[in-house]
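Here's the structure we're looking at; comments come further down.
By written order: A, B, C and D. Residues from 1 in each chain.
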Amino acid sequence: MIVVLKHGVTEEKKQQLIAWLQALGLRIHISDGEFQTVLGLIGDTSSVDIDLVESLEIVDSVKRVTEPFKCCNRKFHPESLVVEIGDVKVGAGNFAMIAGPCSVESEEQIVSVAKSVKAAGATMLRGGAFKPRTSPYDFAGLKAEGLELLKIARKETGLPIVTELMNIMDLPLFDDVDVIQVGARNMQNFDLLRELGRLDKPILLKRGLANTLKELLMSAEYIMANGNERVMLCERGIRTFSDYTRNTLDLAAVPMLHQLTHLPVIVDPSHATGIAKLVPPMALAATAGGADGLIIEVHNDPIHALCDGAQSLRPEEFAELAEKVRSIRGIVA
Amino acid sequence: MIVVLKHGVTEEKKQQLIAWLQALGLRIHISDGEFQTVLGLIGDTSSVDIDLVESLEIVDSVKRVTEPFKCCNRKFHPESLVVEIGDVKVGAGNFAMIAGPCSVESEEQIVSVAKSVKAAGATMLRGGAFKPRTSPYDFAGLKAEGLELLKIARKETGLPIVTELMNIMDLPLFDDVDVIQVGARNMQNFDLLRELGRLDKPILLKRGLANTLKELLMSAEYIMANGNERVMLCERGIRTFSDYTRNTLDLAAVPMLHQLTHLPVIVDPSHATGIAKLVPPMALAATAGGADGLIIEVHNDPIHALCDGAQSLRPEEFAELAEKVRSIRGIVA
Amino acid sequence: MIVVLKHGVTEEKKQQLIAWLQALGLRIHISDGEFQTVLGLIGDTSSVDIDLVESLEIVDSVKRVTEPFKCCNRKFHPESLVVEIGDVKVGAGNFAMIAGPCSVESEEQIVSVAKSVKAAGATMLRGGAFKPRTSPYDFAGLKAEGLELLKIARKETGLPIVTELMNIMDLPLFDDVDVIQVGARNMQNFDLLRELGRLDKPILLKRGLANTLKELLMSAEYIMANGNERVMLCERGIRTFSDYTRNTLDLAAVPMLHQLTHLPVIVDPSHATGIAKLVPPMALAATAGGADGLIIEVHNDPIHALCDGAQSLRPEEFAELAEKVRSIRGIVA
Amino acid sequence: MIVVLKHGVTEEKKQQLIAWLQALGLRIHISDGEFQTVLGLIGDTSSVDIDLVESLEIVDSVKRVTEPFKCCNRKFHPESLVVEIGDVKVGAGNFAMIAGPCSVESEEQIVSVAKSVKAAGATMLRGGAFKPRTSPYDFAGLKAEGLELLKIARKETGLPIVTELMNIMDLPLFDDVDVIQVGARNMQNFDLLRELGRLDKPILLKRGLANTLKELLMSAEYIMANGNERVMLCERGIRTFSDYTRNTLDLAAVPMLHQLTHLPVIVDPSHATGIAKLVPPMALAATAGGADGLIIEVHNDPIHALCDGAQSLRPEEFAELAEKVRSIRGIVA
């Protein structure tokens, strides 16, 4: 950590600060320049409150030199991580194609969608049983029953299942789920993350609506620091001034995350755009941009089929997309 | 709800859509214009998925006419709500002055701060026992012990206590807390909100970092729809491109919320700015802008006293500010 | 335009509003619902001030049904536009590969870069002669001399030249430039746009840092309404809370713009990210997402070669990228 | 400027970088830490391209220690600036109350509004003659005629006039204008700023929709570096995800700018919110937060009077507000 002092600081105040920092167990390297003094803090600075130091009257600014994340830092893990879910591998050249309906609605629906996405090349099945809803009056998912239906679909197709957990108290119900998804709204539900760190099960961690990449990595760190290293990150759009799509898909996050961490990065073009017609071009873009996988909403519900779901593809649209994704993988992988 | 159809839609498709909407229990008012047909949906449209309808091939756009929130809607509650916490009242002309340290650190600290903020005119005591921290390696609060220390400070001063709950499972520990705070990161932790709706205890609900006012009100609705109507809203800064302060305090939210809802609106200038020097001007601005109260960080810890805390005021600074707040209340209240 | 009146409006006020709207030359279609009255405005609403109507005391909300742009609206121009620059075509399946240095520095530099990007498959040469700089103390380009050097490079390679105009008064200098670029900061310099509308020369219009797609299209409309229909749009990143890249590349804008307009859409991954290592993945992503072309910074300056330019590719990196772009075009075009 | 090198950099590459920096005329202070080497760059670093240095393969990160602005930097001008416009003073305790209609429409209108705002205590008259409009089909102001009408209103009331210039070529028309306003969209029209720097006339510089405080100050620097030091800054709302108001008023910018610069800071609550009902609370908030003045839209047009203008106050509303503003000034000034 580097601390730049203000011009004209008295020697006494400077020494007070240095003594305080030394009391935190740090060694201080002092560099007196023409216009300012710079302190280099050497030792374990992870417990230093950067905002507090920056607020000191004699301090001009502070800069952290080492990242605050360790378990998920590529510097310490140069090899890309491969997450294994049964026979399915994700990361380091292994591409995940996760597809399924937004919500599990019935056995017939989930089994039928599962079969068609499998035929189209999906490697995992997604489907919401516990649904976070902005309004208390909206349908919140089939809950435990939805999980059972997912397991039936898995039995019929062999596809591992990915589904969202919203609440620590529901954890026992997820014992037989293959991948637990943490939704965007729970990315900083720290107690939940800690608990997931104690499991022996892969986690799909979605980026929050307004969270930086560093915050996403710190949330992965919560899981990994508690022992569970099988974390997959997911970019699903951020909130910006731009309102023609539900969110703004931040695709540059994919190569940037690949520089910062060894964890696989999945992209969710369905939630990022909220508009079915934009899903195929953004899925192809994510693939060309180096994503390690896609998670895509697919349905075959009759009303939807009649009317076109807001952000879901029909099975035949998904099949056509999956074909192109494979071609692009052939070029960029 | 108003549905505008695309130009040149076939009569058959139009009738299909109308039949589908009628099947949802709605009456449809058809208005054929020169360039487009407009459908007016009459009845309970709260269960209509607006995104789905908007995604239909024949639909140009959709507009919701009635807000999706009811319990917290000023239309149905023209009188401003007064929340009572013991003898303390908040809202409808009653101004809340909530002050205290970011974290409870020791009995000496919390009692001493409580006494000084009371002397300066605070009406409630804040203090964190369970602290959400971005990094798993940071201090996460004294937890249960912190709650006990808050109660001691309450006993010494008579100030009701306000403190954050992060996790439903900790709820039994909060039995004797006066006001439960929901932090910005938990604003859309819907299971938590639902549980708080079953309590007979005031809730201070903070706006999330990237949440709209409508989303904030829908979260209040979660609590109120479950029976607990004593909700206070809190504006504490939103995340924008602007990076010189930790967040951007959105003060226009105060008068806007007053138009939309009858709930009191508190402002937190400490977290909104993250910089102690900006707290007094923003506290005064919030007061002049019509806020129903302030929640402000105050500490008297010796290291902080030496060094000036990042966003906390010293007791004497708080006292000076409180004086000016009262003068401004005299003008705008 | 649809105007929703508030619940409980008096008949007198309603009639006043209707009379006022009729005085603007509109016909009014009244639809009285259970809970509200909806007015449909028929006729040319382009001159109605939507904010003013929305602010009326008796009005709940207003919705524009027809887009305010006409010249660039795909509804009226279903065929994608092909912009021709000499033999080079852009749009409707014709892909533009525009490359060159950020600034023109010397004849040797620009000619050498032009030759290498041409060899790699570039179809146009970019290079800044007039440079917008945040600081008045920074190098602002070679200006007129830079334009002359670009023309020399064009003569040597045959590549049409694309370069930025910042100021109407410099327009005479741009007579012999092939494509005039409007920078992000000038996207709403309306006097400049109007002037460019009087030229017979293609314009590359960059999206502003915080402008919506509708605003971008309205700026294109300024140019086209004045007679010049040869406009190419350019997505180059928007400003968001995310600060690890200079801007956030909004790739979903590409398919969305293709729905809204018949104009070609170019993507600039260099300015969008500001980081050379992110340029190739984002260039490939843009191609896979359906862009009609790319504009990429390439340099071969020795100091840069030694040190790696902030966002510029070296010629050999560009050649490798161009190869992959062509392969992806083979899949998505 | 401080340059942090990556861990494990070879001595050869380090020496290459140092030699390159020395060639730029800088002295280099080397500080070898346990985990990284830090270079302190001493001398005039204003011409060093921070992005370029940060992009070097061996560099981890770069931090600028001195701000890039000088003329408007409070460090070098500890006394707050007083801008004098005839007898009117702004800054350092002198509060500006600027009021008037959005657009100048007729002699009757502008003279009448001018008289009423003067009676209510306004110190300057605003009114748009050249209006930036998003759509080419909208009314763009009375232009030269509007300027003449403003001068008539000035003659009738004695109020100095403030009006927007959009284009260098119109400058001759503004000779007899008292304060030239630079609109948000022109904040980075660098050629225009440079030209205004050559005038002997106060400039009101509005912050762009998505510009940081540093960028605002750099734009002030453009004007001041060319010789004109009479610059007033204006916060008028920034663009965020929040869409219930037109923009998000960033009031913390006021005290923050006061720390960074000695220039006066004016607040425009009318454009910041776009909603007349929010203007008085935000005007009071800005005053309490320490603004050096307000610029507020006031009209008395009969249609507006009938219907309530979108963001304009009626003269009597303005008079009531002005009264409260003075009371709050009595507390905070």
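FYI, a contact is a pair of C-beta atoms (placed from the backbone, for glycine too) under 8 Å apart; a residue touches a chain by one contact, two chains touch by 3 or more.
These numbers come from a predicted model, not from an experiment.
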Matching chain pair for C-D (criterion: over half of the contact pairs shared, by residue number), options B-D, A-D or A-B | A-B
Between B-C and A-C, the pair with more C-beta contacts | A-C
What whole-Å value do you get for the distance between chain B and chain C if each is reduced to the mean of its CA atoms?
-> 39
The distance between the C-alpha centres of chain A and chain C, rounded to whole Å, is 31
Listing for chain B: what residues touch at least two other chains?
-> 210, 239-241, 243, 275
In their shared complex, chain A is touched by residues of chain B numbered 16-17, 20, 46-47, 49, 51-52, 54-57, 68, 132-138, 140, 166-169, 185-186, 188-191, 193-194, 208-210, 215, 218, 221-222, 225-226, 239, 246, 274-276, 303-304, 306-311
Sites on chain C touched by chain B in the complex = 2, 4, 7, 29, 31, 33-36, 38, 40, 42, 60-61, 63, 65-66, 75, 210, 239-241, 243
Over in the complex, which chain D residues touch chain B? Could you list them?
-> 210, 212-214, 238, 240-245, 248-256, 259, 272-273, 275, 277-278, 281-282, 284-290, 324, 327-328, 331-332
